[in-house]
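Below are two complexes that have subunit A in common, paired first with subunit B and then with subunit C.
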Partner chain A sequence: MTDVRAPEADPFESAAEPGEQGPRNRDPASGKLGLADWLKWGWRQLTSMRIALVLLFLLALGSVPGSILPQEGTDPGGVQQYFASHPALAPWLNHLGLFNVFAAPWFAAVYLLLFASLVGCVVPRTFRLAGSARTLPPRAPRHLTRLPRSAEYQTTLTPAVAAEVAATVLAGHGFRLRRPDGDGEYWVSAEKGYLREVGNLLFHLALLGVLVSVALGGLFGYKADRLLVQGTTFADTQSALDEWYPGRFVSAADLGPFTITLNRFDASYITSGAQRGQPSSFDAQISYTAHPGGPVRNDRLEVNRPLSVDGAKVYLIGHGYAPVFKVTDSRGQVVYDQATPFISGASGNFLSQGVVKVSGAQPEQLGFTGVFVPTAVMVGGVLESAFPAADNPVVSLLAYAGNLGLNDGVPQSVYQLNTAAMRQLTSAPQLLLPGQSLKLPDGQGTIAFTGYVPWASLTITHDPGQLPALICGLAALGGLLLSFMVRRRRVFVRARASGQGNGAPDEAHSTVQIGGLARTDASGGFEDEFASLAAELRSAHSQHEGE
Partner chain B sequence: MPVNLALGHVSTDFLIAALVIYSLSVVAFAGDFAFGRPRRAASAATGQQARQRAGALASVGAAAAAPAVPPAPSAPPASSPPSAPAAPSAPGSAAPDSMPEVAVPPLRAIRQAGGWVQTALALSAVGVVAHTVAVVTRGLAVHRAPWGNMYEFVTALTCVAAIFFLFVMIKYRAWALGVFVMGAVVVALGLAETLIYTAAGQLVPALQSYWLDIHVTAMTLATGIFFVAAVLGVVYLAADRSARRVAAGRAESGNGILRRLPSIEQIDRLTYRTVMFGFPVWTFGVIAGAIWADQAWGRYWGWDPVETWAFITWVLYAAFLHARATAGWRGRRAHYIQLLGFASLMFNILVVQVFIAGLHSYAGVS
Partner chain C sequence: MLKSRRRVIALTATVCAGAALAVVLLTGWASGGNSGVTDVAGSNSAVLYSAGHRPVAPDFTATTLTGSRLDFSSYRGRVVVLNFWGSWCAPCRAEAPTLAVTAQQYRPDGVAFLGVDVRDDPASALAFTREFGVPYPSVSDSGSVITLDFTSVVPIAGTPTTLVIDRTGHIAGAVFGPATQQELTDILVQVMHS
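Here is the complex of A and B:
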């Protein structure tokens, strides 16, 4: 993997390992080391295969905590939980970046060093490949039987004709040839398989391309989430998004101005057998406009089937239930009448939790924490959901009155009720079926559970690095296959007049020697190729004998 | 479409048949070790050493020099003895022709190998057929690619391993390794059948995608191939250890099992080729998985635990391929890396997908 060459050790221009010696060997005369020597030594070390191996190990090792500890990027809730349950350890892990491994500086250092090592190895090799593509194969060695593969036979042709015939056969197989330059010898040097090195380079350069593509996406892409209740519309603007994770060079102005309406959402589930309750299909019917005032198009969003609109992609990620509540306050006025998304927790079958905040209620603000149960059953006095579809929907509500604390200046989650300044109105959770209502004590009003609608959560992404990453990934694969399947090999043919050496030259008879070697024959098969090539040469020679 | 339960039972029956037949083939492979024809390992090794020395003289690395196939017992000694002069051997007369020997055709090589090997190979082949029928009928029963949960995945990957190794055994005459690889297949399949059996069923919507088929098919193929490589790696380490003990004078060289194995270099090369075959398939599987992830979750790579471990596995196998070309890392160290790669692959399937929450938690094991 380095450019240290050992021309005597390997007939192919190649990759010998650098020695163990430090930089002092570079400058034996003065005994002093300049900065340049150290830099050179460091670069040689970095681009050596051994260091590349160590870096590969570090990369693998460094990834492990990223899969075992919760990560900010994929599971921020898990990180908070970890901080709560390991208060002593978590800050230390956080200092080491172990909750965001793949964005941590040390992880970046490892892969950047690895890619520097790769560049330092690939670039000189590219030059060498270009060089070797211009130069001819080496002259045929004198003793071909010493090569790993060899053959020898007699022919009645003259050495000159025998060499000529051999050259024709080898050229027919696409070998690059070299012939003697008039030194009274008769031989052919043939080389083939330059694509192996091309594939190897392509693989490594394409990996570099993948890294660049990922960086491109991180800098110029964005990801956003939006929960959309059936029957509602949203426009792709920053204020309308629930979450927005822009890349470093992305601003709110870069968001596509499309709008999406969720017309209908259907989920179906397996109703029997061992997989009862597993979802069998999701289907979100939407209409959208690519830009304000544009034509309205209808489409369907399914899992594995995103919508492409305006340079962004919209994915159906999740779904749930939004019970509809109607709240009347002490004055008899309807102060709340809307579908309220509830979020399903860890307990299965879409047992969902949510809160209702009624800031306009008089005389006091009202708040409710609730549980929505799509198929309610009582198991030992505990409300549970037996099936994810809404076959027997029930809500269970706890009512509070007081100050919701919305004006404290601290942003509140819509899924949490701050009960610090509120008092509980109902002593126990109250169960409501659709259409039923709960009368609050002290004439505070009523809350009615009028029905429910489904909601779907959408993820909107824009990633300009996506296509380049795909192309680079496929190029890496192609390079890999090339470098594994092509072998670089040389075949030499030498014809000598028989009897040479004992003073009785017989020009009409020749000894033909064939030698072959493959530089890398990892996928095997050179011995077979050589055997069939030797047989072909021999039969070509005997054919010419008859002419 | 509903699951065809009757066909699902047919699949299970064929799988149990395959398990029984594989077990018998392992017995036959073991029988070859115990009672089979002697294998003239010594002569093959001599020929090979000669070639290696010849290769060294021609200043070529050993990797290019040694043949993959030991010369047939009846063949003349290696075509180029190290001391052979290039000039004709006898003055005044032309040298005798020496053409490279053409490899013995596989079928004749099998016939020469004796009754135990023939029986074992025939049983393996029948077992592979039964195994394939089991996988195919499972697919027909559930109307999808039959590798949608862990049980199906193990069933399919062992099928790949068995087919691939049957091919390797015939092409490279590697039946001496059959007892190890087929034995490992029997163990893996038996464990799957007893511990994680899952009845035929449908898939959750996230898994209903043709990219799933492509992604998981590639991963199944690669895992089956890496499975073979891992068993070969273990055999390599055992043979290497014993050879070093013999060299150090701490053990007798008369170990019957090792004498019947191919040479250490041959096992090494076979392992390397196997990994070289599996690595691009794994790479393709990762790319296909990224495409699927992009369609299903809106990003092509998100360091989900399973993605992370697939990456670790890829890096470790890449390290193995590089290590084999690095001075001081060839041989034992490289094989430890390879086995570490397979360990990370198994960790991904058996631990990460089952116990670590992530988007890939589809194993269907409860």
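Here is the complex of A and C:
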């Protein structure tokens, strides 16, 4: 990004660095160059603004599949679903890392190259800015009328006084001045607008800061999910989390030792009009302790109103229903009595599916696949949900007996029933209202649908890069504005004794020449500034004439 | 100008190399081993904590699956095998017979076994203990609060996890994942004779 300035040729810049033109533009293909030259050429290409922009674009492009395709990190179920529905395409996408874009080697490569490009650009720039801040403006050119902006007038002041007055006026406008070293010439060189380069640099540095912050979040942050049934508690420890995605340098010991109890969850919905069934509010009433033995505090979670605890943020991201089942086995023992979270699918209005695994039932294990319908209606013999609130709750169950496959020691999903070693007990789904129970055939026992409670799903995130990224983002914006709004410009004033013919110069009369040049006049407006400066200089000179 | 540019390139390269070195060192440091912890021979999931490096087991008071209060401090002075489990947890079901046998085997030596039933309901948990003939009590930890306390001293990643606690209430050994009889015996022999 060495050439972020306006692309048009900068007459001062090229004159100031004559040595750089040759090697910079040399193409290694055109001449005989050694390895060192090739490396230098590669480095210059990498740190050029063109390549940095290409990399930035690639980074943005690379994020697109991350938001279109389901990602391993956030939606592993969606990935499985995608594999099932696109069996031919999915393996190819997987080879390209498109299901885990932000961890893919090519994404890391683009990221690191962009980082290197920015570092390689900013570091030399900083040195150059420091250097240019120390150097004085150049000496005033001899013929100021040749500059893009110029003015000329006569004054009765001596050249020395005229130059002195001009210097005072320009200094008053915040210009940095250079005066002659007493060689019989009278001129002032003035320069202004260093903030442009400072803003430019700030922008680059802040961009680097954003990249570092994002990396920081990825390395030292984490994300975890937990589904919490109303009335239950969970402690923020790895074994109590449903999903846990730690950063590279995060271990389970970095989890904040807080405990959250979901006391009550309420969801309300719009009951009429075109928006009927759309949620109007969610409200999770919780109590929490920040650390074991700490004071219990009450709070509320709403969408986009997270809880901040122990450096982590706890977001309310979803909810659903957990029907409560009580299962009695053939011996009359209660072998299952709990609220079982059901997950709503795409079918809408919280028609939810779930699984009940009764591993302790005798003589055989029992399993049920079920559907929970909050507001049940029959549409052409098909059970559907007419509204997301539980106005007419019904469960529909299919019962199985046999071996759940749990005793082999292989972990299973709690939302899937492996019926390979089981036989179906009921030929058709059995509907139950709250309080009703289903007697299983052959005296296998009973399942009672005793009620339902809501559940809320929470996402716990810790992203140490969030605040730095915000600050860097604002700084980048500020820097960009500065570099757009500030122009670097030079103004020269030269006073010469106006000779009457070829005779002795009349020291009492001078010709004042003013020349102006905007180093980077991409945004315009220098014309007006120069005109008003010239007018001010002229009036200052005529004021002094009267003294 | 060319010279200063070369200097700048060298400086940039140094900064990059420094950053790379820092990352490598940080990674190495993060994956470095703990002192005072040795693997149990022939096992990749069981560890022994040597004397002086044994973390203190947190105390807790909880309700057993049958509804009575249990104060963990009353176990002080005995070797305790503390097993974190759940009836929903398939590997726990696989290791349950091993634990039941080992508990019977070490009962004459005064070794106490205690279960911590995590994220479970008592009905399912009691069905589990009946099914596997678990000869020792379990406390209910449906909110993972006891697990959290222990996680502050040993890295419990999930169920099953088995901790062996010495007579002074320090954690002397741990099996992360399903425990085998060999692993439990190896740890218990060490702890009982120390």
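Please note the rule applied: the second predicted complex is superposed on the first by the 468 of 547 C-alpha atoms of A that agree within 3 Å, B and C clash if a C-alpha of one lies under 4 Å from a C-alpha of the other, contacts with A are read in each partner's own complex, and residues count from 1 in each chain.
Going forward, contacts are C-beta pairs under 8 Å (C-beta built on N, C-alpha and C of every residue); 3 or more make two chains touch, one makes a residue touch a chain.
Bear in mind that the values here come from a model prediction, so they are computed numbers and not experimental data.
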Which partner does A:L477 reach: the first (subunit B), the second (subunit C), both, or neither? first
Once the structures are superposed on A, label A:Y336 by its partner contacts, choosing first (subunit B), second (subunit C), both or neither. second
Which holds for A:T369: it touches subunit B only (first), subunit C only (second), both, or neither? neither
With both structures superposed, pick whichever of subunit B and subunit C touches the larger number of subunit A residues. B
Look at A:T459 in the shared chain and tell me whether it touches subunit B only, subunit C only, both, or neither; answer first, second, both or neither. first
With both complexes superposed on chain A, which partner does A:Q430 reach: first (subunit B), second (subunit C), both or neither? neither
In the superposed view, which residues of subunit A touch subunit B and also subunit C? 17
Residue numbers of subunit B touching subunit A in their complex, please. 3, 51, 54-55, 57-61, 63-65, 67-69, 79-80, 84-88, 91-92, 94-95, 97-103, 199, 201-202, 204-206, 208-209, 211, 269, 272-273, 276, 279-280, 283-284, 287, 290-292, 294-305, 308-309, 311-312, 315-316, 318-319, 322-323, 325-329, 344, 352, 356-358
Subunit B touches which residues of subunit A in the complex? 1, 8-11, 15, 17, 49-50, 52-53, 56-57, 59-60, 63-64, 66-68, 71, 73-75, 101-102, 141-154, 214, 223, 270, 273-275, 278-282, 302-306, 313, 315, 317, 459-461, 463, 466, 469-470, 473-474, 476-477, 480-481, 484, 498-499, 501-502, 504, 509, 511, 513, 517-524, 526-528, 530-531, 534-535, 538
Which part of subunit A faces subunit C closely enough to touch in the complex? 17, 19-20, 23, 40, 43, 116, 119-120, 123-124, 127, 232-240, 249, 251-253, 255, 257, 259, 261, 292, 326, 329, 333-338, 357-362, 405-412, 414
Subunit C residues touching subunit A in their complex are 1-2, 4-5, 8-9, 11-12, 15-16, 26-27, 30, 84, 87-91, 93-95, 118-119, 121-124, 126-128, 130-131, 142-145, 147-149, 151-152, 155-159, 161, 178
